[in-house]
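Okay, got some structures for you below.
In what comes next, chain A is part of two complexes: it sits with chain B in the first one and with chain C in the second one.
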Partner chain A sequence: MSEDLDPSRLFDFVKKALGLAVSLFVTFIGLLFVTFIIARIVPIDPVLSILGDRATDAQIAAERLRLGLDEPMWKQFGIYVWQALQGDFGISIRTREPVIEEIARYFPATLELATIATVFGVLLGVPAGVLAATKPGSWADQIVRLVGLMGYSMPVFWLGLMGLLLFYGILDWVGGPGRLDAAFDMMFQFEVTPHTGMILIDTALAGRWDMFANAVSHIILPAGILGYLSMAYISRMTRSFMMNELGQEYITTARVKGMPERRVIWVHAMKNVMVPLITVIALSYASLLEGAVLTETIFGWPGLGSYITDALMANNMPAVLGGTVVVGVVYIGLNMLSDVLYKLVDPRARA
Partner chain B sequence: MSLLSVRNLRVTFDTEAGLVEAVRGVSFDLGRERLGIVGESGSGKTMTGRAVLRLIRPPGKITADSMVFDGQDLMAASERDMRALRGPRIAMVMQDPKYSLNPVMKVGAQLMEGLRQRDKVSAQIAYDKAIEALEAVQIRDPERVMDAYPHELSGGMGQRVMIAMMLIPNPDLLIADEPTSALDVTVQAEVLAILDGLVRNRGMGLIFISHDLRLVARFCDRVLVMYKGKVVEELAAKDLLAAKHPYTQGLLNCLPRIGGPRQPLPGLDRNADWAV
Partner chain C sequence: MKLDPVLRQFGAAAMAGLLLGSAPSALFAETPADTLVIADAIDDIVALDPGEAYEFSGLDVVNNVYDGLIELDPTQQGAMVPGLAESWSVSDDGLTFTFKMKPGVTFASGNPVRAEDAAWSLQRAIKLNKSPAFILGQFGWTAENVDSMVTADGDTLTLKVDQAYAPTFLYNCLTSGVASVVDKELVMPNEVAGDFGNEWLKSNSAGTGAYVLKSFKPNEGYILEANPTHWRGPAKIAKVFMQHVPEAATQRLQLEKGDIDIARELTPVDIEGMAGNADVKVQADVGGQIFYLAFNHKNEQYKNEKLLDAMRWAIDYEGMANSFLKGNMVVHQAYLPNGYLGALEDTPYHLDIEKAKALVAESGIENPKIVMDVRNATDRMEMAQSIQNTFGQAGITVELNIGEGAEQLKRYRARQHDATLQSWGPDYPDPHTNASAFSMNANNADDAGTGGLAYRNAYDPGEWHGKTEAAVMERDGDKRKAMYEEIQQAHRSTSPFIVMFQIGYQTGLRANVMDFHTGGATDSAAYWLVTK
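This part shows the complex of A and B:
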């Protein structure tokens, strides 16, 4: 179509893309501002936490100068933003390694876990919610409600421990804590190039299917448990969105046209349910990416949640703030993604 | 033989507040003619129309001594049989195109859905038929409308699309449930004229549901007046001014007339005894 080459449409697109980039940038600066303020008001002296409390005055003064702490606040913030834009979040106090490198190691573990959990949650939660909505009050609805309620109310550490006891300890169906068996872990470090840091993808890329299978057996239980929680939430929301749509008049129209119920629900109603559901799924995914601390602790999962928590316990402020910025960026990114998807599924939002 | 014959139709809702009877023993016969059903809000006219399609959502229940469409017993028909009737045999145009068209589907997809899904017609033929149907409801740029979403159309356009969509399979009976009530007065007449012409040319039966007695009288052959779920009067449209029932007279009198006397309009007289 010639419409696509229309210069006014191209201009429109460029304008929208620029607007998006600017709003992203402003949000990101806002996020950095918050973490910057936090770093200034916590009662931890950055110099002492690096040098220890037996440093001499001269050493302290030198370190203050190196960190730029003698500069005015606005300049310190400028330096912070400039460094953050280059991916420099300082040096981890505990390991003396750049924070960004540590996060690059921990975050893929969380990403892998959260993604699989969300896929579980969506694949099970959406059909369950639809089933419950189409037959309100039926036994199917009751079961979905009960399973969802259990997901809400059962503490995740209890589910995790029971899962480990049953499926690892007694039945021996799955791998135990950690991302790989100890033997494979060693092999992984020496034999597989970590392209993404996600073991499932890296081992698949390397064609190491034995290692891949072992990683699957390790991730399936924690991902299943987190997926169960996300399913509980998603099924509940799907049910109420779907009930709402099924009461709309256009549903009657579809039925008047003689459309089978399957099509009325999965095409006519579902297209409308997708609109609010996208936001729900994105938020639930974001909350998992933030790192499920309890789950990660129980399953010995070296993810972002345990990284930030450990850093916090050790007064390791650069690591805490770096992790916080990453979580913030994840939220910003998912929000933007759901905005874009929203416009794809809802023509009214495109105007 | 009549196209539709309804005997003692009842629609009841078993709510927490007790049994609500929306339609209480309505009977009528319909040939290939236009039947108007008139009444105020809550008189059960919409429920009567939907009961014919068996499209009352639970907890609503439909009962009738008999409801026969073209020799087929609707009360005994399976859900599958009903689906085969809905669309090709009995169709319905609803009140407000803002709500009755799917907001996230293109108009074209909604128009062609029946042809593609039910009749398994090829995309090209379905497209041509949809364009033809849009032209029949006097839409000037059908290609653009096919590619539009419902929110990009005006109310009058939306209702024309709805009429086009329902008339594509050439049904024998069309139920029009307040088809112009949500439209601007200026486009009401246009849409009505289109509907009138199509129904007349194709010789289909029409149930025209409205609260506007004069409109219905102009448009239909016969009129049923409903009050609280019952038919209180049935009369030929031309005899409307000779209506005997006080409720019908009340409905007639509570509308202003251009050039008529400028007095306060009389309130509608309601009497519970009429519906006993």
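This part shows the complex of A and C:
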């Protein structure tokens, strides 16, 4: 019998969807509240950051009025929420462009980098973690743990610079900082329409495979380094989740029944490992989307992390807050997504 | 042990990816011969409209894309040369300036350069009223009167000013980016809601300069292309590609590999590290920013000249400049940076603890104490620690109050600090810019809020206020220079300011790159003379 015809189930679904929407909304308002409070608490005068060092008192008073800073706090917060809901995070103090437009320009670069890094991290980290868990104490396990430990403890700043020095500076295997070589970058700006802002996709859509290859040579090192960090985390978590599952009774039962070991691990145990693992992967993906500030700085990568940091250095609070809200939304979104996925893989949660 | 099949497959794919990636980068190891590739931190750019640009990186673009009536010679610090005006003169009463336009010059668009364009450009800057507009506003021009003060007739441009200022004051201000001549016929059709084309000029250019702006992406870079009809003759290099690379170590790597021609944000450590590499060279310049100590006259002890003198002798200027500030700062002890008219290049003060101790004793102040505001930036904290140490040896106790820059600026402007370590950059290439900030204070009352540096320290310059005012009106260039020298001599020995350093820049270049001029303290970078 088809499930969706059952009225009680449909009602359940609507209730769940509503619950989800409400919790999303409340989380979002909470996020806005926190950023609003931060903006009011930091001892940085927004007026002074706009007008600069040379402004007179009269100019300052006029600007304060224009920004609505004389309104009561609750009203300022109301305006802030209303504008944020419409995607309006104000005007960047530096460039006087809407913050949301700037973020729309920087975010794809980060999205591209973080996605490739996470794919690296998952494809290498999960099998490595499983391998280590199935043969604890073996040399394979030791290697996985050592590689993971190194990824954990080495500063990404150092790793990035050393990576550049070795693979770009000495071996000449990869492209340098930036998203393309100078010559390709100039061509790209005039010959390729930026549909997505993601350079690999845009060059592929334009059929410019020479540029695509050059872009790959530029992204591979920063994505590889971030992927390594993500792999270190994912493999370690996979290992402990898997070891935990392999000690369970149902695994023993399956083994006793004579099921092939591969099937025991990859089907039976994996199904249960997936549940917490999805959360781990989502969190690691979210932290990369937040912008790997140091990696982006070293590699001259025009992403969200360097955008927020630059804004912070310049006391550009609208940009900092807009960026923070976007990061928060990404976190909320990925959390929701992992909840949904979680329900798909976990039969108990589905019921 | 067998590798898991998934792992094995992916390992191969990863290797293939690496190899695929390696091929094209090898093809483009050198920069294209017709392109100058520069790496710099250009996240300070707010605008590329000459009426709005007011940051170092933005003014670099303006300098190469636009010209003014009068220009600064990029090869000679502070020297004025004719730009789009062929000749100029000033009336006997000093209130009217007449400029004759250079004939036969065209904009990059092909439109002829007329006196009308020059007049419109100045009117436009005043009416736009963006950050740098005040430079022109000093001559009494306002949005209401500028159309009658600045007029064009045939090939002649007439500028009326509200007072008989020193002619050099006007000329110097006309060399700044805000006075650039903009192509009226090209810009006006792109005007949106009375913005004089301000929005359009964010990503387009309309000048006579050696280059044309082809593309600008904030925090990524910009591309300039040579203007083939440029009146000085076409630039030596066809394209300029500026890449935003904030990290100094990364710039160094790119420079040493030859992926860029010029690196503008290197640290002294990088410079040292490159020594011995014959493929690269280093060029040292000074910039306009100065670093100084200021003491708030609201605290009576800073009116004691002996104590101030003691502090002047208790700073290890040379020691700092030769150690942690090496390459970043040069010792400089008056408020006009080297390169400005009237700059004092001598450095009379040096570390002399015994002398400082004696002066503290003479001051009659028992165990003087200072609370010094310092921004939480590495070089400033290092400076402050050195000062704290040497002041301590001279018997002056220093407590450091370290904080965020904007927060401290607020305290400084509100005259709430006791003492502070600050920097100041001139606004335009005329001595009045710093002289008015350091030596003038028309109203020392708490509610005056004029924002000048003398005001912020509650310092009443007395007769020097009037003398500074007189200097900006002095019509004889040599006399004017002598006046600034006299004012600064007095300032550095009596005011509650101690100027210590002028900022220095070190540029890394490939060995084949010639004639790159950064503009020093007064001007911006010139790309059009560069060869490689």
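Assume the second predicted complex is superposed on the first by the 336 of 351 C-alpha atoms of A that agree within 3 Å, B and C clash if a C-alpha of one lies under 4 Å from a C-alpha of the other, contacts with A are read in each partner's own complex, and residues count from 1 in each chain.
The rule we apply is simple: contacts are C-beta pairs under 8 Å (C-beta built on N, C-alpha and C of every residue); 3 or more make two chains touch, one makes a residue touch a chain.
In this text, all values refer to a predicted model and were calculated from it rather than measured experimentally.
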| task | Go through the superposed model and pick first if A:Ala213 touches only chain B, second if only chain C, both, or neither. | result | second
| said: For A:Lys271, using the defined touch cut-off, is the partner it touches chain B, chain C, both, or neither? Pick first, second, both or neither. | reply: first
| request: Would you sort A:Tyr250 into first (chain B), second (chain C), both or neither based on which partner it touches? | output: first
| request: For A:Pro302, decide between first (touching chain B), second (touching chain C), both and neither. | output: second
| said: On the A-aligned overlay, A:Leu165 touches which partner chain: chain B = first, chain C = second, or both, or neither? | reply: second
| query | Who does A:Pro127 touch here: chain B (first), chain C (second), both, or neither? | reply | second
| message | In the overlaid three-chain picture, which partner chain does A:Phe190 touch, first (chain B) or second (chain C), both, or neither? | response | second
| remark: Partner touching more residues of chain A, chain B vs chain C, is chain C
| task | Once the two structures are superposed, pull the chain A residues common to the chain B and chain C interfaces. | result | none
| said: Going by the contact rule set out above, which residues of chain B touch chain A in the complex? | reply: 50, 53, 55, 57, 83-88, 91-92, 94-96, 99-105, 113-114, 117-118, 149, 151, 162, 165-166
| query | Which chain A residues qualify as touching chain B in the complex? | reply | 247-250, 252-260, 263, 268, 271-272, 275, 345-348, 351
| note | chain C residues touching chain A in their complex are 1, 4, 6-7, 10, 14, 17-18, 20-26, 28-29, 31-32, 35, 37, 39, 43-47, 131, 134, 214-215, 217-221, 223, 239, 241, 243-247, 249-250, 253-254, 256-257, 259-260, 404-407, 409-410, 413, 427, 449-451
| field | Residue ranges of chain A in contact with chain C within the complex | value | 43-45, 48-49, 52-58, 94-96, 102, 105-106, 120, 123-124, 127-128, 130-131, 138-140, 161, 164-165, 168-169, 172-178, 181-186, 189-190, 210, 213-214, 216-218, 220, 297-300, 302, 306-307, 310, 314-315
